[in-house]
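Okay, so subunit A shows up in both of these, paired with subunit B first and subunit C after.
Moving on to the complex of A and B:
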């Protein structure tokens, strides 16, 4: 009995070590190497030593040259603007539509819902060519608005909120209705304050999606002054073109750290939202 | 809502008036509904339905994005080209192989991780956070990170292989190893998401079932095979579809790590479409390729919905 327990504990620890090696070590290597010069980066890998994962003799010169040489600061600012705009408008439009579908009786509600349901299945990466033509036809290529506008009417967001709105008891608004409150007042002062958790979840997932998006911004924006972070670090150089590994790692760190911090602080909402999207299909 | 209408009917005195008031009220409700829905539906129509029509139409034309006005109707030529030249067939084949490789490995590993996370575990939150890190990291950063991890001369993985005494591998520069390398990377990227989905499913399985079976003398493995796994069939199907659809749309790895090479061994379909439309400026042919990809993904989603709706449910 005791030996089996010891064996199980050892096995558990072994699996945890394996997970650390697979999932944490690459991040540690990237961050540590971003604080070293090229020579040290290579030296710590061949032969591989523990130093590869620890910034021994750290220097910030990679970060200095990254911010001086490239327009990554501008890209970060652009990304913040686009992500904020996309979050605000997605929340507003999705919650309004979800309100109409759950709280107002009107003919054709089923047709509207079917129209939304169908778009849920469309693979967005397969739509890049026609979407490019539509958005540039509207004169929105090379603009920050052009980056965010196709994704604001999010069917995923609508489903998430519709679910939450349906769970709200009708009594909540009945009293207000008798007092003569209209839909606009009920929406803002009664329904919205009661769906804070799904709203935060949707906001976070939208932010994540926007911050990490790549193909669409790559296609719709050519002007470097309007570029967002993922495209900026992707065009910073690949191992064959740009020999400076440290600087590339610095770019990857800058592009990742804000999101990971956000994830660590609000992990509960992320996991919840992803699991919900999973169960409801 | 109904309470409101009732109050209105009750308060109205005359015989004809309640009806009139009700219709006026209904009209008003309709107007409010339109107001609430219009912004969402307008954007949905412009950015989802219009592109769909544009894509269907343009797949019958030959044109370039630089000068879309100079277009030529070519009928089914684009689709005939897809069959005649082997670029499309090869690219779709590679993409399916890639998706298959990802799914085959993600499902068992994500499931095992979920079982592990669902057991009595020290530092469970920490482990969960670690496997979720790649899920919140952008595919650009992951592709960058992995092209350095896999670098033949200075990569971390080859450094680790040296220590255990295995010969250095070329990885991305080899026609045989490039696609498996991308599969391994995508597995690493997605396995945490799969595990979270399985974990949510596992937590929905009533523990009494397994406990009862254990009392009746079933081993842990028997409980796992005969109770837990069948109960999770819907979750499994969902994870399979999510991972398939995600993999079919992969772009960043081919674009950033291999440029589709070596010798087109990693020419994933979305990268092929991007090159065809934006680099080679054959937007008509790219539209036709997109249409086929769209139909494949839709078919997979439809099959999933049909299966989930069926009585295939414990």
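Moving on to the complex of A and C:
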């Protein structure tokens, strides 16, 4: 009896460790490779050996040249600005639109909602050309605003928040109206504080989406000084040179750090939000 | 304090095909405790929400005091409302919940504190002021919801089924509490419930609604003793009234009612009204306590199907003229299950209804 239980626990543990390893391996490879020189990066994966994940004779040379030779700090700053702006405006726009669609009854509300959701089905690649025409037509090509503007009206965000608003008891808003609050006050003082978890979720997803976006910024921004991080990493070598893979990996590592920090900070908030947001009906 | 008047108030929801409230006329006097009672879906909440301003009227007028309010925002109507689910703001403390309205009205901070503390003391929730709603029991939440209404000193208090989420014991306690508060504050109150016991115990005046219309209004006693319709008779009172068919006949010049094989003299005060029904069937309404046992010549005898001892009384169940009935008897006069129970009928207290219209005769 006891041995089977121990065996089962060990097996479960093994499976979990395997899954974790599968998830972590690519990151380990990236980080390890960023500490290697150009030759060992590929030498260690053909054939694949444990060396791929362990930088033997580590060097920070890649990082030094990354910060000295390229404008990665500028790109990081641009990304932070764009991502923050995109989060703020997405949250504002989606929450207000979702609230209107949930709580203000007007004929055709469902049709509007369906149409918005339909746009969700279009792949980004299919929208590139028309989006480029519209955004550059607005005079926003080569600007940070141009990078974020097509995405702040997010159908996914609308959908997520609409679900959250629907779960909020309408009596809360009735009570607030009787207490003397108008639409705007109710929205900011009563509704938003009670949908913190979906708001944080949407904020985080938006931030990630923006931080990792590649194709659109590549299309809309040509000036390297206005570029954001993922494109900047890819474009760091001059077109005539072979890419310096060690440096690319170093860039990727640097680009990941802020995301990890953000998750660590919000994770604490997250669990707290989960534990305290129980509204009893 | 103010009186509330509904003048031919109607409501038809846009999404609904039928009229929900149909030409409601109601005058609630200043300081009065009026309970709107009726089955689920009869339009009680709709009526209350129209008074509150949460729902627009489709027709008619609503007056609070000297002002016509049906075009005004809730905040301009000088009302406060307590909801079924309490509707406390989950992210605010008890004190913040209670003071939200005052803070919006930019009342002086010291004044807000004073009012919140005063209301909290009255409701015995002073120690809970810094808690959040989820850290409170159902009864405590209910008190906070009432406190939130009280601090605003409204002209009219509106309650929408405030006790229906509480267990039976707590409900009884809170009922007493609400009554005590009303005695003390003497504020005009409109209270909605589907529970007739609540209506009877709380109200100065009960208004029975059915299908969006007033079926009857009056003091609890009037409704209990002189129901105007069969609907009210069946709705008010627990255990509910027994309805039995009876033949109206003239027996040697006296008007009698033939109920099964019993012959009862007609109630003296309704003899004239009954005359047109001679030869016809009417519906007799008998409350369980209108059956008597003990001394005196019995009117009929019934086989006891079940006897429930309730403590001070025993509820005897039997079938009469094919209708399941219950009689409330003194335990010493109640016969055991399976035996015959002799019964007298308090014929002067019975209700009589026209079987076609359901109206009282």
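Going forward, the second predicted complex is superposed on the first by the 203 of 281 C-alpha atoms of A that agree within 3 Å, B and C clash if a C-alpha of one lies under 4 Å from a C-alpha of the other, contacts with A are read in each partner's own complex, and residues count from 1 in each chain.
The criterion applied here is as follows: contacts are C-beta pairs under 8 Å (C-beta built on N, C-alpha and C of every residue); 3 or more make two chains touch, one makes a residue touch a chain.
In this text, all values refer to a predicted model and were calculated from it rather than measured experimentally.
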{"item": "First (subunit B), second (subunit C), both or neither touched by A:230", "value": "first"}
{"item": "Which superposed partner A:169 touches (first subunit B, second subunit C, both, neither)", "value": "second"}
{"item": "Touching partner for A:190 - first (subunit B), second (subunit C), both, neither", "value": "second"}
{"item": "Touched partner set for A:178, first subunit B, second subunit C, both or neither", "value": "both"}
{"item": "Broader residue contact with subunit A after superposition on the shared chain, subunit B or subunit C", "value": "B"}
{"item": "Touched partner set for A:122, first subunit B, second subunit C, both or neither", "value": "first"}
{"item": "Subunit B versus subunit C as contact partner of A:219, first or second or both or neither", "value": "first"}
{"item": "Overlapping contact positions on subunit A, where the subunit C interface meets the subunit B interface", "value": "105, 174, 177-178, 278-279, 281"}
{"item": "Partner subunit B, residues of subunit A touching it in the complex", "value": "12, 15-16, 19-20, 22-27, 29-30, 41-42, 45-48, 52, 92-94, 96-97, 99-101, 103-107, 109, 112, 115-116, 119, 121-135, 149-153, 155, 158, 170, 174, 177-178, 182-184, 187, 208, 211-212, 214-215, 219, 230-231, 233-234, 238-239, 245, 248-249, 251-252, 255-256, 259-260, 263-264, 267, 270-271, 274-275, 278-279, 281"}
{"item": "Interfacial residue positions of subunit B with respect to subunit A in the complex", "value": "1, 3-4, 7, 29-30, 32-34, 36-37, 39-44, 46-52, 54-55, 58, 65, 68, 116, 121-123, 127-141, 144-145, 147-149, 151, 153-156, 158-160, 162-163, 188, 192-193, 196-197, 199-201, 204, 235, 238-239, 242, 245, 248-249, 251-252, 255-257, 270, 273-274, 277-278, 283, 286-287, 290, 293-294, 297-298, 301-302, 304-305, 308"}
{"item": "For the subunit A and subunit C complex, residues of the former touching the latter", "value": "105, 169, 171-172, 174-181, 185, 190, 193-194, 276-281"}
{"item": "Subunit C to subunit A touching residues, read off their complex", "value": "14, 49, 52-54, 73-75, 79-81, 83-85, 87-91, 100-101, 104-105, 133-134, 148, 152"}
